[in-house]
Amino acid sequence: MQEFLQYIFSGITNGAVYAVIALGFSMLYGSTGLINFAQGEFVMIGALSLISLWKGVNLPLPLAFAGAVAITAIAGAMLERFAIRSVKKPHPIVLVIITVGASILLRGVGMLVWGKDSHGSPSFSDHAPYDILGATLLPQSLWILVLTLGVVLGLHIFHKRFLTGRAMLACAISTKAAGIVGIPTEKMVLLAFSMSAAMGGIGGVLIAPLSMSSFDMGMNLGLKGFCAAMIGGLGSSWGAVVGGLLLGVLEALGVGFLSSGLKDAAAFVLLLLILYFRPSGLLGTASVQRF
Amino acid sequence: MRYLILMAGVLAAGFGLSSPYQIQLLTFIGINSLLALGLNMLMGYAGQISLGHAAFFGLGAYVTGVLTAHFHWSPWLALPVAILLTAAAAFLIALPLLELSGFYLGMGTLGFGMIGYVVFRQWSSLTGGDSGLVGIPSLELGPLSFADAKNYLFLVWAVALLCIFLCDRLIHSRIGRALRAIHDSERAASSMGIDTGRLKVHIFVLSAVMAAIAGFLYAHLVSFISPGSFDFLVSIRIVTMVVIGGMASVWGALLGASVMTILPETLTVFTEYEMIVYGLIMITIMIVIPQGLFRGILDIYERARFRTGSIPAGPQA
Amino acid sequence: MKAAGIASIGVLAAAAVMLVMIAPGQSWGKEPYRIGGIYAITGSSSFLGDPEKKSMEMAVEEINSRGGIDGHPLEAVILDSEGDPTKAVLAANKLISKDKVIAIVGPSLTPTTLAIVPVVEKAGIPLISCAAGIKITEPVKPLVFKTAQNDVLAVSAIYRHIQGRNIKKIGIITVENAYGESGRDQLKALAPKFGINIVQAETYGAKDTDMTAQLAKLRAAQPEAIVCWGTNPGPAVITKNVVQMNMKIPLYQSHGVASPKYIELAGPASEGVLLPTGKILVAEQLPESDPQKNVLKSYIAEFEKRFSMPVGGFGGYAYDGTYLLAAALKGTEGDKKKIAENMEKIKGHAGVTGTFAFSPQDHNGLGADAFVMVEIRGGKWHLLK
Amino acid sequence: MNAQGSGQEAFLPVLRLEEISRSFGGIQALNDVSFEVAPGAIHALIGPNGAGKTTLLNVITGSCPPDTGAAFLGDCRLNGRKPHERVSLGIARTFQNIELFGSMTVLENVLVGRHVKTRCGFFGAMAGLPGCSLEERKARQRAHELLDFVGLSEAADWRSTDLPFGWQRFLEIARALATGPKVLLLDEPASGLNPVETSTLCDLLRKIRENGVTLLLVEHDMNLVMEISDRVFVLNHGMKLADGTPCEIQANEAVISAYLGRERMGGKCSACAI
């Protein structure tokens, strides 16, 4: 029981991080129909920026948090402005390769800026870990969970309540029609890119105190986040959350009841099963035709 | 004709080159060409992406590696086994996914690729696990020993040329037309009586088999394999070769494979900046000539081939 | 006077420039010995390759400043494998055919080493690997040597310490790569010899972010100590997790974390962690009688001065490799076969990693004294016993 | 069904729909529609927008399976057969928004149409078997004949999407004919054509009928429908409203009130006497 609870805690902690990263994938796909393979690199930038701003520059945590997210958002906006928008005939595969190129580029930049070593970061708060029925719950896990839910709720409200959010949804449904009714579609794409990059940045900020961060941390997290987004249903915010948590918990249970070496396989077997039996994802409704 | 030129080129290079480094590089280009060619058939003609081709590459390499190193089979016996196993795996992956349109195959292959990677690492009693599988013998055919780097170069390129030739033939046949039709309009292709799902499964299997052959050649060339050579990044690299070279063109695959093999070798002079330069080059190529290097170069030729002058270049690949 | 001084400086500078331009052929009476280096300078194993490259460059300069080998200067050509076997094979071929090296030091990793072994054997070039894997030197290949300690030595050191504390049940957690796999195999193989029972064996991915699930499973098996086998940053995360989960049992790490980075990453959680390491981390605590003391002192001083970064345990593999190669080169006039033969004759060579004594049966040349056990106390390495 | 068929008429209907229903969500697109298509004739399917014409076409081609009811081609029950299987059985179609294979030449487009009439497979093509090259030669010959037939032989080597719009229509028809259909379904073949092209189309459709291919066209151009159709079906709100010769339809009160309203029907009854 004690172990089981520990697996769940561990799974939820990792899962919440996957969820935030998945959210970035999902919201970009939802508004532009694009899969950004550089998403993991935004996680890396977020994590390392936080460490630099918080520990290096000694900014207070909230400021460092905001700064790190802002840096990733700017990186995302630059990716859209200088690379994605420059493509004249945007065939999806060409755009995907551009994001792959961007991920290599960003990793290179990360290596130059932060070096090849790993960096650690303290937790957001100094509380001692909680002991629940013998299982340990880290305060950082609570932070991650709360902030993840906050991000999803924020996104939900943005899409439902704000004019810009609704305009973005309109672009997702039909760029042409949105353009005709006067929505600046180019700006919307730019905004979608920087928002999804910011999600990646938040994921990085959340994970930095939990683990060690280095310039090459992005790919693995990006893949997991992408997997989570697929499981939950691309384009669905709540799907991303469900997918992320499910993936995290499944991995932890895989460690507990199978073998730790097979836990990555477990994630991808789940992905295949979802594809076979429910291709639109657990919560996905949109017919997935692009790419 | 083009084959003759290429063949002459390879022969000249083979006999002209004395540096084992250049010979080895050319051999790797041949192996990568096989990989890119197979994936090009899938991406360029069936309009599907595979993000797990490294797993098929690895399957080919590991099957022959395990059979020859552990069980002392003849490589020539192991080759058909590798091909059959890879074909079966590809068939099982593709069957449920290719019925659906969209990018499901890409996602499925991504999952398959990761699972393959985990299996290569975890089944250590057979695969040698993370530290790799040693003792894969070199190839021999009667009195001809392919332990000699030059002979191996010729072998790899003979296989690559044969595959290019066969694929070229296939593309210009009934099946190839059907594939291009699927790529242009799946609805219309289906209304022409083309079994789109089945054909896509077939081309996927073909593409996986070519990757397996490349894996076979790689394993016996390096005589050592480890999971790191078949991870997700390798899958991405193969996709990149196809796109950079140009989709829907066997020659584009060749060009893409060459560029992507030589580029990292030449970029080492940038040391710390290597990744940045590499990423920039990829992005720039895609922005400037999204149809790929080969198409980009042949644009003018294409314009001349169709009578009217104002044709947008290349198929919308 | 002043003018003369400036003039003489000018002349000196010009001479120096000319020397550099026509060097090295002119300044030395003899042709340089060109040797190759292949390291994972970039990529995920750059923590190994980077200091190795630096140490090799350093060693070459030191040797040349002492007059080279039989009057021949050393010249090193160093390539990056990025930890990729295919790239390593290409690099080896490039070194052999283009740069015409007479021997190679490196690569950094077991897979990259195993990948280039056939290449160097075909070319008849001696190879001194910096990787740990036992597959490299067992079975013995005439041309292949290595300077990194076999994992079996590290495992023995840990197990002896565990035995001394009268602990019988341990849990192990190893990283999923060649290093962790080799460690896992040795940990399992040697346990019965020391009367130790491995109650639970777990693994973790090198890029995993949280290992509490694995540790919970370990805890359930109720071991009396945990042995973790990996390279940074994973073990640092595990160290933190162990403390967070309030597991009050000794934690042993492998020599893979033996760098100041580990203490920095794990922070206060590293207090009391035990690990085997080469003597480099505790050089100043060694008794004066230790044969390695002088080598270590000069290596550490030179490395920290030159690169202004703290020294770790990995660069020494390439440093020793270069010096061993230099020793073996004496009197060979570049004959590759003789280099290998000379290597096998080297005895009592005090290096950074240990005291090497090669033989035709032993191409690693290190004994149990290559490792000492240290404990982390107050953020510092503390030599035990 | 044989008994029914032989008892009713002297010939077997080439295409027969029995009580087809199909709904999308809450909308009943087709409701219990039955009709028969006689061989060797031109049939038209008309009805106001949203009457279910295209859905019916999709039911026949198999891209939209019916909820209930059955479709037959001759003796052969079509239900459960995939679209591409139906093509080899003899059902070909064209699209309302022309769907050519844009990367191919005009000739190649028609050659794709020969797909079901040729056999050469993966290995045959790769190995270059003599049977395959022979088959390819024959296919090319047939494709040239068909281009001749629709009057596009001049443009055989053009890229298909470079053809003027009207010609693309004819190419699509040639491509559909290449599959050797028994029944050819045309989805609004005259839309977007100018009057000259429409009359050429009219001639072409008659020529196709003379070659023994049954035609079923969905069309809005009443002049065309009334001029060339042998029989007209009228759909309204997913139900069959009327079925008869153009003259009968023009006279049908229900049709006039429901579909044509006060508008006078195009074409002259005398012009379409058979």
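Before moving on, here are some points about what is shown:
Labels for the chains are A, B, C and D, by order of writing; each one numbers its residues from 1.
The rule is short, and it goes like this: a residue touches a chain if its C-beta (ideal position, glycine included) is under 8 Å from a C-beta of that chain, and two chains touch if they have at least 3 such contacts.
What you see is a predicted model, and the numbers here were worked out from it, not measured in a lab.
Following the contact convention of this document, no chain is adjacent to both subunit B and subunit D.
Centrality by C-alpha centroid: the chain sitting nearest the overall protein C-alpha mean is B.
Look at the CA centroids: the one farthest from the centroid of subunit C belongs to D.
The greater number of contacting C-beta pairs, out of the two interfaces A-B and A-C, is seen for A-B.
Averaged C-alpha coordinates give centres for subunit C and subunit D that are 76 Å from one another.
In this assembly, the C-alpha centroid of subunit A lies 31 Å from the C-alpha centroid of subunit B. Subunit A and subunit C have Cα centroids separated by 37 Å.
Centroids built from CA atoms put subunit D at 50 Å from subunit A. Residues of subunit B in contact with two or more other chains: 121, 272, 274-275, 316. In subunit D, no residue touches at least two other chains. Within subunit C, the positions touching two or more other chains are listed as 42, 176. Contact annotation for chain pairs lists A-B, A-C, B-C, B-D, with touch applied as defined.
By the touch criterion stated above, subunit C contacts subunit A in their complex at residues 42-44, 46-47, 50, 176, 202-205, 207-210, 212-214, 216-217, 219-220, 232-234, 236-237, 244-246, 261, 264-267. The part of subunit A that touches subunit B in the complex is made up of residues 35, 37, 83, 86-89, 91, 93-94, 96-98, 100-109, 111-112, 219, 223, 226-227, 230, 259, 261-262, 264-265, 267-269, 271-272, 275-276, 279, 288-291. Against subunit C, in their complex, subunit B makes its touches with residues 18-22, 24-25, 28, 121, 124, 129-132, 134, 147, 222-226, 228-229, 264-265, 268, 271-272, 274-275. Against subunit B, the residues of subunit D that register as touching in their complex are 61, 63, 82-85, 87-88, 92-93, 95, 99-105, 108, 111-116, 118, 120-122, 124-126, 128, 132, 135-136, 139, 157-159, 162, 175-176, 179. Subunit B contributes residues 43, 49, 96-97, 100-104, 106-108, 110-112, 114-115, 118-119, 121-122, 232-233, 236, 239-240, 243-244, 247, 272-283, 286-287, 290, 316-317 to its touches with subunit A in the complex.
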